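Chain nomenclature is as follows: A, B, C, D, E and F, assigned in order of appearance, with residue numbering initiated at 1 for each chain independently.
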Amino acid sequence: MVALVPTLLRQELARLAENDARIDGRGRWEARDITLETDCLYNGEGSAKVVWGDTIIYAGVKFEMRTPWPDRPNQGSLMCSAELRPIAGRKYEPGPPSPESIELGRVVDRGIRESGCIDMEKLCIVPGEKVWGVMIDIHVLSDQGNMFDACALAAIAALRTAIVPAERFDVGEDYTLKVKSTPIMASFTRVGGRYVFDPSAEEELGGDERIHITLGDEGHLHSLQKGLKGVFTPDEFAEIFDVAQSRCVELRKLVANQEGN
Amino acid sequence: MVALVPTLLRQELARLAENDARIDGRGRWEARDITLETDCLYNGEGSAKVVWGDTIIYAGVKFEMRTPWPDRPNQGSLMCSAELRPIAGRKYEPGPPSPESIELGRVVDRGIRESGCIDMEKLCIVPGEKVWGVMIDIHVLSDQGNMFDACALAAIAALRTAIVPAERFDVGEDYTLKVKSTPIMASFTRVGGRYVFDPSAEEELGGDERIHITLGDEGHLHSLQKGLKGVFTPDEFAEIFDVAQSRCVELRKLVANQEGN
Amino acid sequence: MVALVPTLLRQELARLAENDARIDGRGRWEARDITLETDCLYNGEGSAKVVWGDTIIYAGVKFEMRTPWPDRPNQGSLMCSAELRPIAGRKYEPGPPSPESIELGRVVDRGIRESGCIDMEKLCIVPGEKVWGVMIDIHVLSDQGNMFDACALAAIAALRTAIVPAERFDVGEDYTLKVKSTPIMASFTRVGGRYVFDPSAEEELGGDERIHITLGDEGHLHSLQKGLKGVFTPDEFAEIFDVAQSRCVELRKLVANQEGN
Amino acid sequence: MGGYGDVKLLREDGLRLDGRKIDEMRPIEIEAGTLPGADGSAWVKHGLNVAVAAVYGPMEAHPRKIQRQDRCVIDVRYNMAPFSTSDRIRPGYNRRSREISKVTAEALESVVICERYPRSKIRVEIEILSAEAGTRCVGITAAAVALADAGIPMRDLLVGVASGKVEDTVVLDLDKAEDNYGQADLPVGILPNTGEIAFLQMDGDLSPDEFNLAMEYNFKAAAEIHDIMVDALKRRYEGGEN
Amino acid sequence: MGGYGDVKLLREDGLRLDGRKIDEMRPIEIEAGTLPGADGSAWVKHGLNVAVAAVYGPMEAHPRKIQRQDRCVIDVRYNMAPFSTSDRIRPGYNRRSREISKVTAEALESVVICERYPRSKIRVEIEILSAEAGTRCVGITAAAVALADAGIPMRDLLVGVASGKVEDTVVLDLDKAEDNYGQADLPVGILPNTGEIAFLQMDGDLSPDEFNLAMEYNFKAAAEIHDIMVDALKRRYEGGEN
Amino acid sequence: MGGYGDVKLLREDGLRLDGRKIDEMRPIEIEAGTLPGADGSAWVKHGLNVAVAAVYGPMEAHPRKIQRQDRCVIDVRYNMAPFSTSDRIRPGYNRRSREISKVTAEALESVVICERYPRSKIRVEIEILSAEAGTRCVGITAAAVALADAGIPMRDLLVGVASGKVEDTVVLDLDKAEDNYGQADLPVGILPNTGEIAFLQMDGDLSPDEFNLAMEYNFKAAAEIHDIMVDALKRRYEGGEN
């Protein structure tokens, strides 16, 4: 029974794709409305709220003081993780972290980490003794499609506004965390047989595999991930890779504009 | 089917309540027989056994040596927790701690902690380095009604007989833990529409919400908790609060008598 | 339905037992073919592979540096544990460690530990500060009968080839771990009413209780365990104990031969 | 309660450190219907606390063994986001959250007309995004608005509110410093129209008279918060589906 | 076994530190029917060990996949209370308890007439309130009395008993010091009437002869304990429902 | 990626530290049908990596809620043995393994003709016994051979292979040092006959051109590995049931 509706939905999405149309009238590479707000949570050392269509994400940054790993005595650490709690939607269930939430957190984490936007050595307080651990927590309040891109946007925006709480930990004055670049994720989902950008919840329900691409300021790749059932060809990848370049430039501007406020 | 028997039971309890009667013939504010035994377990640094009607509870106190929290370098700690293992009754199932067992432990814990009967600074051994952690563990062997009051009684009685095992930890001679007062819990359950003290297992099965009141030596409130489905009015609370005062005085005498032995 | 096949199998096994025969033609105390290979895994500080009939086991040894227990400042530690992951057979399910896997690990552990083959004081690096923790991990790739004996054989063979990785931990040069003896396990399962050595998967399916005996170089007992449903008499034990003595001598030779290679 | 005696929480002029009178609430803002995918939702800002609640259901209760033949069950999860407090909270199992979830669920079951939905389940998700003392009360208020937004019939709009004691003085609605260094906290869930209480916890030290005064403050504040809740729901339905 | 060679466990006069002879048990007290809410129960004090066992059932076995068409399953939980030992035991998952629960369940399944209750489950809960060496045996004895108290038919009353080795001498029923510093421990579950063994573990070092002597001690002690068990059950039924 | 700039990974002669050319794979050995009790199995040695995969099924999928009416689900567990790495890996929950298991399962569901087995489940167990960079790819290769050995129909034999970047040079098939100190890693799962990609991850830093070159190396290597896979399967069936 559950299988029936998706079947009809898939047929409709395939029909629309033949006419290069989408179920909500958008163009193939067109995003829904996106608003970004930063510094919106009292206790976060950095915070951001992203409303992307009907998808709503909060990200918050916290700092911990810890001892460095023995093999990297003068490096702090960064960790980004996502919680996909049952508030996020009807289909989400309570319980231990699902594979979906682990994947979400790790893909966003890799994009930020591998971009090198944080200099781990700058997070050292006393070599071999005390370093900062930076924790970015992503909280999905509403998943109505394209959660990965919205989460990645919230995470980097929160990180870029973070204040290192040195006073609270008694190691000097608070200062702004230095973040050298703005890695951005753009994701594509196969809907009706061809890839589209920013799928809605309905398109995800009737769609196939998705590809997550994180690009740095110079357009280099920092993270890739294919999720869900489906295959793609190198040519298909080349096409979405070009789109990803331009979408990431636009989203990066959104972050910059917010910071300019 | 399971729902049927409680329905008949509820009707019977309502009928009895109209005549101000209880199913086992007790008065509305009358407790079942209670026996208290202390110092009854070889390895507990303090221990107590409470037989309250057919409800049977053991509590044991253990001490641990630990480092103090950074923000309270000259304070030890106290923690009371309850295990509601499957031995306690047919309805109890194995598994991780149930919400019921967490609530039970935390409500008893708050009553003792908030009464201030333990001076946390007296639990300091070496400021900033070593303090005592006092653990009260409650073990429910048989839940046949009014488990909360029986657990709270066992916990404070065990605590009041505890010996600090300084010799075993090589920090001086053993001495009796100083406990400044005797916080006591009295609980009330709505049965047949009105509150009664010390419900039996049957009354709990056919009853509604319950209110747990912990009072200190001077009759001050140290902990309140409403549990289960149901609402009450301020007037109803005023009535049981008066009863709680006298019941707590009586139970406190029971503890004192046992200590006089 | 599942219960049916075992019933027929049990009847067949009982019939064979009357004629002192086994379902695969072996003698009552006869083992299947056993091959032992050591030093077979790149990252194990010691490793062994046992192919015992169709049962396939890997064991690997790793060393950790840790602080000693306060009451044994000049002793290291040894721990053997087994994972019974779903690869081992159709009946094995994912999830937290099953009682079966815990028993397996602990029975093998006790046999090795209690034989005294490792001198815990030799594992001390700096008294009170640094000692070696030796971890033997057993990995069951295929359980086709008599998993316990195969695991115990793999574990002791891996341990006896272990190299202490002192260089990697910066405490001197690597050296061979000293293992003073070769404890060996022999297990017996009641099949068709009488005990046999080295049951096949089929015999286990239609069999009853089993007895695990671990013997040291001098034929002393170091570990016993009865598992599964069933009872036995002292006379029955005396019979299998004699067989265990000779089977353990043979298996000990297998280890020695491998080391001679 | 922390119960430290040496932190001043009342000023010479009788007002509190943040300038409030002893029976004055922190400012409250409420918005209903903030989560598009939920059947009902609410956002509540109370002082610096921020809580979001979502309601999903009524839906079939499963597994079967949690079903009640004659009513629905209400499944509440109260959770604090990792970044909601000064020190990060590790996600996962947490005894405090489990207890609050339990008693909150029982309070909501006391006001929802559960008999309307036999064999069903209503999921109530409460997420604390920012915490500044009193989060369980803010969560209850948010949950009640979300249930109303979902169209679930209730005997009354449940209001979460707390009074407490600082420097031997009963005060309404403790803020963070007052919670850390105060002497008592009395969070309750009140049905303003019926005058009943569906949620009650308390810890610290209160004499019977102090308890009565704290309850009086709570009832007064509950009436005020109730008006703000009703307002939010009116705005929601006048404003249409957004 | 600890196996430290330098702790004296036998006195000059050949007796043990607590004055017992080498083949002498610690004192044992047993009471049946101590838990009013259980279908069967028992309290056993053996030396300073205290174990309580409760039996619930037979009841329907669920989930379905644990059901056996032709017999009942016995679900045993052996647990040590946090305050039962010198150092507090953290509640929760514990490899030692799981192993003991498994082999105890298998031993009880070997003596209960399981075929009498197809598709059923019998829950056996063993709680160690005070531990002084030999708790698994005390637990087995308590479980057997509780099963008898519940009226579950059994082939015999299973008795838990242990012998061991200290200072190269085989002794019956190790106490705490002997367990900590001894050389071997051989806990068994014996059916005294049939002379069969349903539970067997052993660790340490025992020659074949030492093993035989330890077994001899165990069988002798099992007969004695059996009488105390029968006595407790008689008192229970003469005394009525208690 | 570690991304340390100061470790030399390419020699003066342009070859890599282990003597390989930049587009040269580590040696690979594959054997099919190595686990007698499984429906299909494979052993793959790739450099110093050793992976074993077993397939059980198709079998009925339960619990019911994981069933798909129109196809089978593939349940993959990728796991590293505790002794497979330099520092011992603690058994149990592991975020990295869960993620790899998820995306590997999705890749295999993309190549298996899942519609052939409605309401069924196929279990694929991947155990890494020895790890030396690239284990997820070796696991994919092993799983594909095991599925073929089990006779499960597939659109193509999926091949796991990775390229990466060291010292600003794109190289095929990173070894351990290259993985630790390199600049990027691009593991993919390729269908050599259709030229499609079913598995894709990447981390580090790659320009678009570098990405294209790395992909080119991967496709070339996939064809070579494919031949070795086919060989193993042929040997298995010529050699009979062992």
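Worth a mention:
Note that in this section contacts are C-beta pairs under 8 Å (C-beta built on N, C-alpha and C of every residue); 3 or more make two chains touch, one makes a residue touch a chain.
Keep in mind the model is a prediction, meaning the values are calculated, not measured.
The minimum number of touch steps linking chain B to chain F comes to 3.
Hopping across touching chains, the smallest step count from chain B to chain E is 1. Matched by residue number, over half of the contacts between the chains of B-E recur in the interface of A-D, chosen from C-E, A-F or A-D.
Distance from the chain A centre to the chain C centre is 48 Å, each centre being the mean of its Cα atoms.
Per-chain Cα centroids separate chain B from chain D by 26 Å. Taking the mean of the C-alpha atoms as each chain's centre, chain C and chain F sit 31 Å apart.
The multi-chain contact residues of chain A, meaning those touching 2 or more other chains, are 96-97.
Traversing the ring of chains that begins at chain B and proceeds first to chain D, the chains occur in the order B, D, A, F, C, E.
Listed in rising order, the residues of chain C touching chain E in the complex are 3, 96-97, 99-100, 102-103, 105-106, 110, 113-116, 209, 211, 216, 218-234, 237, 241. The touching residues of chain F, when paired with chain A in their complex, are 1, 3, 68-70, 93, 95-96, 98-99, 101-103, 106-107, 109-111, 184, 186, 191, 194-208, 211, 215.
Contacts from chain A toward chain D in the complex involve residues 41-44, 47, 54, 56, 58-62, 64, 81, 83, 85-90, 94, 96-97, 135, 137, 139, 141-144, 168, 201. On the side of chain F, the complex with chain C involves touching residues 34-38, 48, 50, 52, 54, 56, 77, 79, 81-88, 91-92, 123, 125, 127, 129-132.
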